[in-house]
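One chain, chain A, appears in both complexes that follow, with chain B as partner in the first and chain C in the second.
The block that comes next holds the complex of A and B.
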């Protein structure tokens, strides 16, 4: 394994009872990368990060596969050792800026609590670090923010506080779960630019989860497309979005009304629902909704996997589109 | 005659004062906004959060009162309507909200949710409107079995279809859609947008489409109004405003809806 690999997940399966939520997922991220995970709600994007962060809900358990975080196998570790490893190396930026911060505790206490708990330094150092980080994420008057309650800050400010809080332990990897969904588009752009800036200045790797494909196309170097708990396509962001091979990726890209779409025609539709059951089937998971489904989709699917491109479709080939 | 007009609408909220005895601070949510909607027209309102677009929708729909200015339905000020006229206005202006599950009573079955407005406004019992409800369910692409279910057993997209069916059952002249596709997945969003278009062509319903997604607004709307901090900064035909924005703020909005390659 390469030294710069931060997280490696091989064949991870998570089940709630007998039902598979995510099945046979391979995932990896290296230092200084920004990697995107795309997919609709219920596709298991957040579940994958919960496996990495060891915060699976009580009724879910990892039944297969192994996760290696910062060079250490998670399977053999005690819970305490896992927590220590994760809190020191990984940071989480949540989606919902309102629920994540405690409404009755001042920002200062919320930011420094973890730092002091992990005995990384004194309270004074913690406060200094917190105000330095707030400055770094673009808050001009950290003193006022530290002494505020979450309700006194705007959504964009709260998300910046969340990012600063995730950076308190100098993580090597930030996991941003739909970090801008709750923000409007102008603030969204500012927060995304902040992520890029942190990636460049602090060399922190970022896993960015989003359902917005345009966003991932612009900000990520590699992307994974998830559907019903499976990774159906992955690869270089440009390659995946400019030349999608899997029918699901193609469908997702055609569904968004861009600024050039023909107003007189109805939008393309993707009928049906994301399947909840039998996600661990070996035949194609997307076949019931796929416009090109054929007999081969009912058999065991051999994924195409070369040149960093992974496609879970019997009709796909990894050759790049020929430019006419 | 315009279907619904808002003339010089102001809406001022009084914020609580910072200290105990201080004066409450006024906050202008809407500042001299005028708008008119013609029959069968789809008008979009875009703007960032806090720009007053939802407040405007609620005032036009009669859910809030303007601090100043008036709302006219078919030429008549809604504050002067008689009881019967007001019921007519209520029937003809319907809402679709952002979160479909929260806009329905969790203790009601879908069939009761759909029959309730007809009962309240037209005094029709469920048996009288059963066929009407079933046809509408098919129109919005839902299975009739769903009538016996509760809202929490349906998905977000299905619930939004129920909300659209509920609004359209009254044959409204105007549908106010407040961020009605924002909470949905892209695949569901596309089918709901197609449904709204189909319904608009079939029933000639006018729509006030409130959204922060300029791509969606451009696709579905004839005319678009751009709002910032409670004022209208630009309006015009949807394609023209998006293709060639005049106002600086509109330019920011259009630019931020597409992302430039960063890495």
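The block that comes next holds the complex of A and C.
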């Protein structure tokens, strides 16, 4: 099983100054998996992928824990070695499709420059590969797209180009950071189906970050639920969504508005804000907003961790039944 | 693309039209007429009337304006009474001086600002950034007449590296020519650096913070290639407009420098024409400088369009 492990993060903490942004995060993904990361805005979902990809903002740094990418420990490697390792096996599909591609450079040049620089092939091979990949992601006229500037393409097209660009190095893992945020519903669906298709045909694993729980439920085999920089619950997607154990997960799931909403009543919401300070506390970080908070929440929390199920709550147990 | 150029051209012509009208009206509104200035206070009313008649000053204002505009197109810009020469000839004679110091100071300031601006953006709050920020502060607060004096005292008088004054034409040897325009050009470049360093730094900083920099890193491009191919390309566009504007401003702003360094350029000619109330000459110079400003701005816009595919292809920019 360890041979299949693409990325493993153990107890990773990222801080900006003294303030913890994510704290003690354990995460892993194996080949051919689609793993979801869910959570509110500001819960540290993107920060986790930034640690993995070594693209942390300048004022943030990883202070604890270790990240293992493709069997190699990242801690202690030089920046250059890290980048080399990451580019050899990981690809990023961004949230923002507008400026992820350089507005003043033609698509072709942007798609092939990394490939050529890393001496994976000649320019001719690179162009052939690029147009092949564009076809694969559903673009009918790769020639025209390769000769276009990003502004000449629609948002959906640009996201397809981004996916194709990420595939140029034949990655084993794609990290999709809210890949459908800027797209309309129809295109969202197409892009998501494309991910599934790539997962099946190329056996590329995918980390899918989203605040859209329905989307994660439909596409992921495992999910991590993050809150305030902590992983509060993780496990098999069906288990987590059908039988949520952590009060936060329960709250999130209960808040998804259905089609039969009573329009005379305001939508249900979770009162309060995601805390920014003291994310590295050992007591429960969700307690101030938790409907079931009790004295035990103020103590150090021992997470439940077995059967691939992880719950950071003193009242949870992993057995499939409701906790009082 | 052609439509864009045409549109700019039309607006340039409209600007020129209004500028010429305002110039004409303002100079007409000044008390005293050219005939009085030519003849002096001793002239008899008959002589005055005769001269006014021959200079066309009795015509209605509109006719005078149209005559002047017509003259501008046919090369008849009027006579300067101070120099007794054709206005256009006077301007053309002095053009190379002003032009050389403007261009040379532009080259100096762009070179310095580009290097300092980019380096300080690559390491914000680093040593180079601190140094360049100090330079910006000093450069933008020191007036040209003072820095000109200091340059003269240090480099011309004490170190004897450059001549104190005067202009050597390029036919008399390129090195002599450069030597004669170096100090005035540096003097003008100092002020420019204050603006341009900041401009290059901020546009480079904003480019470095864009998502495409992450894209280029994840693709595995090395640092220098990310900086040169991705960041620098966007970072150079905004300053082009500023450089164009600065060039236009410099061209009309050589008066002080030309006087400090005693250079026979358009700035000095302008000063003379104002001091001596040589209205024909003044009118000519003002309209000429305006023409240069409009021309440079037009060229700048076309250049910006050529380097920016979003405008070139008639696409709407999604940023900015």
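In the analysis below, the second predicted complex is superposed on the first by the 311 of 324 C-alpha atoms of A that agree within 3 Å, B and C clash if a C-alpha of one lies under 4 Å from a C-alpha of the other, contacts with A are read in each partner's own complex, and residues count from 1 in each chain.
Just so we're on the same page, a contact is a pair of C-beta atoms (placed from the backbone, for glycine too) under 8 Å apart; a residue touches a chain by one contact, two chains touch by 3 or more.
Since we're looking at a predicted model, the values are computed, not measured.
Do chain B and chain C fit side by side on chain A in the superposed arrangement, or is it a clash?
Overlaying the two structures gives chain B and chain C room side by side.
Kindly classify A:32 by the partners it touches after superposition: chain B alone (first), chain C alone (second), both, or neither?
Touch partners of A:32: none, neither chain B nor chain C.
Is A:10 touching anything from chain B or chain C once the two structures are fitted on A? First, second, both or neither.
A:10 contacts neither chain B nor chain C.
In the overlay, answer first, second, both or neither for which of chain B and chain C A:86 touches.
Second partner only, chain C.
Would you sort A:19 into first (chain B), second (chain C), both or neither based on which partner it touches?
In the superposition, A:19 contacts neither chain B nor chain C.
Return first, second, both or neither, reflecting whether A:105 touches chain B, chain C, both chains, or no partner chain.
The second partner, chain C, only.
Applying the document's definition of touch, where does A:221 land relative to chain B and chain C: first, second, both, or neither?
first
Applying the document's definition of touch, where does A:72 land relative to chain B and chain C: first, second, both, or neither?
neither
Give me, in Å and rounded to a whole number, the least C-alpha distance separating chain B from chain C in the superposition.
The answer is 5 Å, the least C-alpha separation in the overlay.
For chain A, give the residues common to its interface with chain B and its interface with chain C.
none
How about chain C: which of its residues touch chain A in the complex?
Touch list, chain C to chain A: 210-212, 214-222, 225, 229-230, 233-234, 237, 307-310, 313, 315-319.
Contact residues on chain A for chain C in the complex?
My answer: residues 53, 55, 83-84, 86-88, 90-92, 94, 96, 98-105, 110, 113-114, 117-118, 149, 151-152, 162, 165-166, 168-169.
Across the complex, what residues on chain A touch chain B?
Residue positions touching the partner: 34, 40-41, 155, 184-189, 192-193, 196, 199, 211, 213-215, 217-221, 251-252, 255-259, 261, 263, 266-271, 273.
Which positions of chain B touch chain A when the two form their complex?
48-49, 155-156, 185-187, 189-191, 193-194, 197-198, 212, 214-216, 218-220, 238-239, 242-243, 252-254, 256-263
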